[in-house]
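Note that chain A is present in both complexes that follow, paired respectively with chain B and with chain C.
Moving on, here comes the complex of A and B:
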């Protein structure tokens, strides 16, 4: 006998749908409208078709910002994911030590983004900052405002400090959800610590790691506040990422048309990369593939 | 009421088509529920997955065409860059191919 489907349940989703429509769908539609017009003033607009898309796609500064952004996001993932897993594995499993470790690890997540930028601005100063003066005491030249590579590494380090705890907490939650029977079976088989990680822990936390990778990728791809406060996008354009470039266009120069076209391209890039990452991580855990 | 959204006719037509497409897919799904299948795409997909992949591919084809239109026009010695309708037709053909064989 077929089970009747209660379609009234959809009514419960309606409030969320209305909220999403107002907060996301309508603004997105507006952005699409702006991307095909030259907005001279709120009352004066000229339809330009795909002209803004063409000009944005030929923009060399945009290409450079995109390259910087991709390298930054991949660096963030390459550092934060292994570091977060290592941190989660080294945290106590239970007792007051576990609670204390969780609070200590979660602290950077509680700090607002602009405050993080200010903290690191002071932290990295060579006259009064702990990190800056420590590097100076070692006899090394350090200037996050004058040297492009050092500015880049400082922004990366700041992001790692701010967001590795998120990966660690997610991985920790995943690790705690593994039933003890798996570890008992591994002990009976005489499995090494590495084998336990490779064949039990890593496959079991794949789900939460996937969320961590997607969250960190999307978040780092949209990074704005921290580098803006720390380096202002400099020196030169060394730490000007996509969102900062977009803000310069939309707010600084009031070029709403090109900024809207650029926003849509940005949206498509994020969608494509997230789709690839999601499917790649899904396939990593499929039977027969992990053992290859 | 919606003057702040700066509507234009082409964008309105685009969103109406998208809404109709989603409504059509919903009705199709209710009438004949989709199953996972493996085509030329490297992953098993449902009908909705193929539509998403197809639309994303179509968007990239149009973007690439718009970005390269000048170069294509110059290499073919055309007086003006080729029309975006060419990329539109091409992208819709790719979308249909992905829906059918993906």
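Moving on, here comes the complex of A and C:
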């Protein structure tokens, strides 16, 4: 086979390459650069090799933040995905009710992150907040600034409120794309409501659910603004997640070297976990792929 | 196996003005074991009628009876009807065998019996080799067979409804699948109702064809009847390729006046007086001798050689007549005047679009 060779085609890729270089590759290389040097002042810098990586790997606080982060992200997925699907299933399919439901569900997505934090800060106050005073009225002790577990649960609840709509909207779009004939065939086959969900709806929305899981996983793994505004990472370190820990290191303590090393590790962790999740979901529900 | 009686009308809206009806009042019987086709253009009410029979739709008026039992409000499962849709509907995550077993599992049939039934049906549909494969990976034709199989697998299925089942099938496989359907109909002796807008499919599959137009069934009959004596001008126009020729006519005691010429009608055909439409199929419109009785002069506008026959178009008083001529006759030249035999044994007369003679 003689393929025509035309190197000019590279010119077509060039604009994208330049954009990506400035937006991603160059900043990333700067981080790589920082991670292997000790920057004492702009003029004085020392090459330290993998020292920062080694010290970051031994950092107990970092391990704690990572563990907190993983538990938080998994909790987010465990709550938001089923809840989002349930919400999508209960939303009306057409007419003005569908539009009204869509707008109502989408509202939390339109609110800026830091405002979400502020809203929940007020919402959860026991003196003037609706939720806080309601819990207090039930006779329960509640303080998201004082109790570590409660702070953690409040952050989770806030994230569920903020991001479940995204899962619901994606699942809703997936559900609406299922042709009517499937439901009609299911009625003729005498399928129960549960069987319709298990064998028609769930397989048909698998694609959008995968996107929802990846988006929610990545976003929750990088969560910063909302807990920063709501709890400031406290009490103690109870709600200090990875990105906040990183920011403390880089901006608060100006330890650019360790922070850069840690960023790279962070980046690799997210890539690895997304890769595992993606492959696992690709296989899920498709047994016997080998026979094709 | 069942006889199906319809006496109903359907309207999707509550207002019930005639224009709102998806199906105008009709009475119809599908006899046990018959092969029927519902034929008509898009939007004529074919699918509505099918969905009413299967129970996916409840008619706004009237009743559906299966073997004399009123099932108007029974669910599709209670009616035990199989339906195949335009696009193959399969359960993606299941294997072929699981797909076929699904309706039986929903009825809680014992596993051993399910396996036996699935085996039988797969054998009949030539799917045995694919039983353990995932249904999602198969071709459209095989998927459509699975949809059909899910209907046939129930042991006491009352009727099989097919809603344009060959739409997404490859043209060269269409023929095979259609023959398979016909064969299954012969073997199982079930009532088959086949919806289509393709007259060839309808004519080759069905013993009886229900021609539908504008939300009503205009004629029910075998292919030959629809061809020879269309009960409605629509049937004449829709069945046949090209459709029937129509000419305005006025009948009186002395004969029929067509395009300014008075023609004598056949003595044994009583044609009522008044404004009529004369209809004759291109297949029966023949060349006649100059000034022959029952013939009219027309000017040839177009002659098409279709290999097996010639298609002649001729203008007569602003109307176009098409005639199918044997290819061995010497074709008339364009612009020439020819005499066409419009009155014959095969000529039909219509009043208000309905056949009168």
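Note that the second predicted complex is superposed on the first by the 269 of 292 C-alpha atoms of A that agree within 3 Å, B and C clash if a C-alpha of one lies under 4 Å from a C-alpha of the other, contacts with A are read in each partner's own complex, and residues count from 1 in each chain.
Simple rule for what comes next: a contact is a pair of C-beta atoms (placed from the backbone, for glycine too) under 8 Å apart; a residue touches a chain by one contact, two chains touch by 3 or more.
Here the structure is a predicted model, which means the values were calculated and not measured.
Engineer: For A:236 in the superposed arrangement: first (chain B), second (chain C), both or neither?
Structural biologist: neither
Engineer: Applying the document's definition of touch, where does A:15 land relative to chain B and chain C: first, second, both, or neither?
Structural biologist: Once the two structures are laid over each other on A, A:15 reaches no partner at all.
Engineer: With the two complexes superposed on chain A, say which partner A:37 touches: chain B (first), chain C (second), both, or neither.
Structural biologist: Once the two structures are laid over each other on A, A:37 reaches chain B alone.
Engineer: Mind working out whether A:45 is in touch with chain B, chain C, both or neither, as first, second, both or neither?
Structural biologist: first
Engineer: Let me test your reading of the model: by the given contact rule, A:190 touches which partner, first (chain B), second (chain C), both or neither?
Structural biologist: In the superposed model, A:190 contacts chain C only, not chain B.
Engineer: Looking at A:139, would you say it contacts chain B, chain C, both, or neither? Reply first, second, both or neither.
Structural biologist: Neither partner.
Engineer: Taking the superposition on A as described, I'd like to know which of chain B and chain C A:112 touches: first, second, both or neither.
Structural biologist: neither
Engineer: Let me test your reading of the model: by the given contact rule, A:95 touches which partner, first (chain B), second (chain C), both or neither?
Structural biologist: In the superposition, A:95 contacts neither chain B nor chain C.
Engineer: On the A-aligned overlay, A:199 touches which partner chain: chain B = first, chain C = second, or both, or neither?
Structural biologist: Only chain C is touched by A:199; chain B is not.
Engineer: For chain A, what residues appear in both contact lists, the one with chain B and the one with chain C?
Structural biologist: Looking at chain A, the two contact sets are disjoint.
Engineer: Going by the contact rule at the top, pick out the chain B residues touching chain A in the complex.
Structural biologist: 4-8, 10-11, 14-15, 43, 52-53, 56, 59-60, 63, 66-67, 69-70, 84
Engineer: Could you list, by residue number, the parts of chain A that touch chain C in their complex?
Structural biologist: Per the stated touch rule, the residues are 179, 181-182, 184-185, 187-192, 195, 199-200, 203-204, 285-289, 291-292.
Engineer: In the complex of these two chains, what residues of chain C are touching chain A?
Structural biologist: Listed in rising order, the residues are 51, 54-56, 75-77, 81-83, 85-87, 89, 91-95, 102-103, 106-107, 132-134, 137, 147, 150-151.
Engineer: Contact residues on chain A for chain B in the complex?
Structural biologist: Residues 26, 29-30, 32-34, 36-37, 39, 45, 47, 49-50, 53-54, 57-58, 265, 268, 271-272, 275, 279, 282-283.
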